[in-house]
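After this come two complexes, each holding subunit A, first together with subunit B and then together with subunit C.
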Partner chain A sequence: MAALELRSVSKAFKASKVLDSVSLAAEEGEIVCVFGPSGSGKTVLLRLIAGVEQADEGSIMLEGRDVTDTAPEARGVGMAFQNFALFPHMSAFDNVASALTARRASPEAIRGKVEKIARLLKIGHVLEHAPRELSNGQKQRTALARALVADPKILLLDDPLRNVDAKLRYEMRLELPALLRTSGSTVLYVTQDYKEAMALGDRIAVLLDGGVAQVAKPADIYREPATLGVARLFGDPAINLVPVQPLASPSGPKIGIGGASLSLPASYAHAIGKRCMLGLRPESLAVEAQPSQESFDVDLVAATPLNEKTLLLLRTADGRELLASEPNADEAPRRHGPAFARFDANAVLLFDAANGRRIAPQSA
Partner chain B sequence: MESTSFIERILRGAALSLIVIFFLFPIFWILLMSFQTNEEILRIPPSLFFTPTLSNYAALITGKLATVSGTLDIAFMKNLWNSVLLSTASVAIALALGVPAAYAFARFKFRLGEDIAFTLLSFRFAPPLLVLLPLSLYFQALGLTDTYVGLIWVYQLIALPLILWIVRGYFEDISPDIEHAYRVAGHSWGRTFLRIAIPLARPGIAAAGLLAFIFCWNNFVFALILASADKQPVTVGALAFVTASGIQYGQIAAAIVLSVTPTLALALYAQRYLVEGLSLGAVKG
Partner chain C sequence: MADIALSLTKVDKIYQRRGKPPVHAVKSLDMAVERGEIIALLGSSGCGKTSTLRMIAGFEAVSNGDIVLADRRIDQLPPARRGVAMAFEGYSLYPPLTVRDNIAFALKSARLSAKDVEKRVAEISRLVEIEEILDRYPSSISGGQQQRASLARALVRRADLYLLDEPMGQLEPQLRAVLRGRLKSLLVERRMTSIFVTHDQTEANALADRIAVMEAGVLQQFASQKELRDRPANLFVATFVGEPPMNVFEAAVENGERLRFKVTAGPTFDFASSEIPLPVRQAIGGRERAVVGVRPHAIRLGGGLNEARIVSNQWLGDQSHLAMDVAGKLLVAVSHKPIAAKAGEKIRYDAAAADLHVFDAATEAAVSHGLETA
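Right after this comes the complex of A and B.
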């Protein structure tokens, strides 16, 4: 039995359909990151599960119980809102305790639990402060504490790191997984930062255009994105996409980039003749000074050193721009001008240009 | 603030003093009048120097008005009590009805919602005299003429739209997520309204209540037509000072001072709620 299950849930606001028949399940104790660009309906999805919004169609099951028509207070979920939504007229302590007072616990028990979670989140010293006296980071931790304090079976976190500064976000990204594990809750974590999703999620559900484009483990999503859209969302810099049409040749399928004819693995034989998009991750492109077999001519336009890697902007013979990234080495800086690029044929991704779906290699 | 020069501060002080004198002088003059006899008030030229007398206040409180043509009974203290009773009860009822209604209009979209809200507001457009004639006929038929209940009911025309529209705006300013968070934490809809929405809208509720109280207190025509002497508030009761033997300016001034005091006290008390900026720092701006 899944701890959380959405069955073809749809939701529209006025004329625009935000979620179109979304199905998703999470096992007990699992952290599922809901990832997607802004406006893809991530927040709406969480609000439907919390009961703050009503689904137009479909049903929502929590631990096997149909809660589609249950009031939010009876669903037993914990939720942290993106804008914190702290109660401005209550102290941080009362904010956190509000999740317990409804359950008629004794004052001592409430105090104990609040102080325990506050210690864990390092807000013990500001519990008597009003929300307006808290820093952004403290507000965010208070909101998290409020969601966590009652040990909810289902924990909904709506982009909790969105409104905090970069340093704190980085810190929390390291702390959160351990914190969420100890809570033992099933977590749905909404984010629009793919790195956050990769770092936190046991699985990632990619929401695109109102539907779930793919649900998979972080590494699988990166290696084997289901669609062009998913491939575009993961990776920094973004994946290079080149329209190609594989042709048959005695040595296997061939594609043309910038006038050169390059080999694809034989497992892509079934894509021959189709109009495709070739996806090349920047790190699978190697740039060399000397030509070799399977390399193609490029013009190295710019080299941008980042912390741990250097970004290379290449232009192919037919004017297409490609990005390559390579780990920083102690070599002499790259010289601009003509060079030769080569891709790792086993790391390429091929998508059907007509419907954007990935064409998986087929073993013969 | 440190950058303001000495001259600037002097000028600013002078301008503020001018405004204060302009607005407060009439009240100050009435205060002086209330301690003078009619003869002193009416002498020409008027003077700031006089021997103060408490006879005006004494007459109001004892209810015996001494005029040239004999002693008249007046019911000023009764009128004052009526004003307090009518205004307080009206505002209390208007708050009890208006605050939940304002919340409903602010949070829920329902059929004819905007039309109902606008109809309620339109009560404020209609000139009172226009509705008074039919209203007095209805009141006679219903037996509501000259009753506190009837007056309090009519006063809802003044208080209810005011409270509804002011408080609605305050409810709309509260982020719905704050209420959602309280419900997700396990609290019912009703508790959320009482523990979150009302405390956060309190500055608005205080302001609307105060304004409604002042408008009710200052109402004249409704009470003039729909009530007789023993149910009338001070605004109507002041007419008694226009007697056959002349206008009793001293008593009128004293009556004004006494009738302004309760609203002034209320305004001073409610002031701290009016300026309370509770919503600050609630959600990330």
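Right after this comes the complex of A and C.
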């Protein structure tokens, strides 16, 4: 039995349908990241689960119980929004404890619970401080402690790191999975940042145009995105897309890029004749000074360093721009001018141009 | 001799505030930019980078010092007479003109034929992808499009210097990498001397030949991306530049038969002194304490003296980020390949002498970088 399940949930505001028959299930203790561009309905989804919005159609199940018509406070759902605002006039301790006081627990029991969660989140030493005396990181942890201390069965987090500076956001990204697991809660975590989704989620639900485009483990989504739309959202820089139409040849399917005829693996024979989009991740595109059997001519337009990599902007013979990335080497910097590009045929993605769906390779 | 396009000499910016102490936003800034160079002013908000750009543009007066562009002293000239093209806040598009006319207006003084104007506008519009909004008015386009339009207006004309404020700040991530490549290609090809301000080191690294890292009004280091990465001048630069930032720990130093750095409740980095060049050992000298740093990409996993508990191991599709709990802090290692290890497990790690940065514990100035002195 899933801890949380949405069954064909739809929601419209006035004439515009924000969620269109969304189904999604999360197992107990699982962290599911709900990821998508702004306006894709992520926040509305959380609000429906919390009960602060009503679904037009479909049902919401918590541990097998239909809560579609249950009041928000009776659902056992904890929710924290962007920015995790703390009560400024209360100490960190009282902020955390505020999540428990409504439950008529004894002061000793409350103290015990708050101190335990504070130890785990490394804020035990600042519990008596007011929010303004806390560093940004401590504020963030205090707010998280408040969300976790009541042991909500379901914890809904709406882009909690959005307004945090880059350094702290990175640290929290590393630490959050372990912290979230301390409560055993099932977590739905909304984010607009694909790296955050990949780093935090046991699985990612990609929300696009009001529907769930794919639900899968992070590495699987990156390697095998279900659609063109999903492929575009994962990767920095974004995936290269080239329209192609595979043709038959004695040595297997061939495609044309910038006038060159290049081989696809035989497992794409079923795509022959179809109008397709070829998806090439920048890291699966190699740039060389010498031509080889499966290389094509490019003009190396610019080399721009990116952390420990270098991005190469390439222009094909027919004027198409491609990005390749390579780990930094201690060789001489790349020279602008003619070069030869080659893709890793096993890392190629192919999409049906008509409907955007990925064409999976088929073994013979 | 280098061909200097722009030089700032002992430039100060002091903001006088009524009833409050003055703010010294830029302190005795010396900087020389060669013709055709692309320079980034990088720092967090309030570091003085924007004040510097505005002084060069002429929107702020210098409090002290002088600015020379193309052999002319310009710090007393009005903005329009400085020979500078700009794209930044407070220098927005003219609302009554279409995007096309805004860009073409910048070419007015160039006395080009209508045909040439059209050609240049078309070319630059293609580069920043605003061809479809050329006939719209500024008020009817998005913030990102306005930004690209003002970038086009600055780049379309010929000038001694181009000043750009966060040129790619608001762009969709899917577009950013390609536009950066195109912009760099244009600036390099036409040898356009440029200075841009950014708080985003990805943008600085991608575009700039040299990066001026500023903090608290002071130029911390002015060097190439590679130099900043390999030879940061001080602890601030070391931990500010680099994503993720350099791991740094204060350590006890032993500099005898062996060169050893021992972090309390943390790692020990231990080398035979024969591995370390004499000048480096001399630079470290008799210090008892120092700050040691290792970049995340240089942490070696799966062997070595030290062991730590894994906090998380995150695969992002093209790289792995592994965090360990070390001396109550996170130690981060990054690899371009997946790392086979789980959160909660222990893992051994180490760093090579060539990858260790040493900083003075008191002044925070760099002492050595790997096998070279600072």
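What to note about this one:
In this section, the second predicted complex is superposed on the first by the 331 of 364 C-alpha atoms of A that agree within 3 Å, B and C clash if a C-alpha of one lies under 4 Å from a C-alpha of the other, contacts with A are read in each partner's own complex, and residues count from 1 in each chain.
Note that in this section a contact is a pair of C-beta atoms (placed from the backbone, for glycine too) under 8 Å apart; a residue touches a chain by one contact, two chains touch by 3 or more.
Worth saying up front: this structure is predicted, and the values here are computed from it rather than measured.
Using the contact criterion defined above for the overlaid structures, shared-chain residue A:132 touches subunit B, although it does not reach subunit C. When the two complexes are overlaid on their common chain A, residue A:73 makes contact with subunit B while staying clear of subunit C. Shared-chain residue A:311: touches subunit C; no touch with subunit B.
Look at A:198: by the touch rule set out above, it reaches subunit C but stays clear of subunit B. Of the two partner chains placed by the overlay, neither subunit B nor subunit C lies in contact with A:296. In the overlay built on the shared chain, the residue A:218 is in contact with subunit C alone; subunit B does not reach it.
When the two structures are aligned on the shared chain, A:88 is found in touch with subunit B, with no touch to subunit C. Once chain A of one complex is fitted onto chain A of the other, the partner contacts of A:189 are absent, as it touches neither subunit B nor subunit C. In the superposed model, A:51 lies in contact with subunit B only, and not with subunit C. In the complex of the two chains, the subunit C residues touching subunit A come out as 173-174, 176-178, 180-182, 184-185, 188, 202, 205-207, 225-226, 242-245, 297, 311-312, 314-318, 321, 323, 328, 330, 332, 334, 336, 338, 343.
Of all residues in subunit B, those touching subunit A in their complex are 175, 177-178, 180-189, 191, 196, 199-200, 278-284.
Residue ranges on subunit A touching subunit B, taken from their complex, read 47, 50-52, 71-73, 75-79, 81, 83-89, 98-99, 101-103, 130-134, 136, 139, 146, 150, 163.
Across the interface of their complex, subunit C is touched by residues 122, 167, 170-171, 173-175, 177-178, 195, 198-199, 218-219, 222-223, 232, 234-238, 281, 283, 301-302, 304-309, 311, 313, 321, 323, 325, 327, 336 of subunit A.
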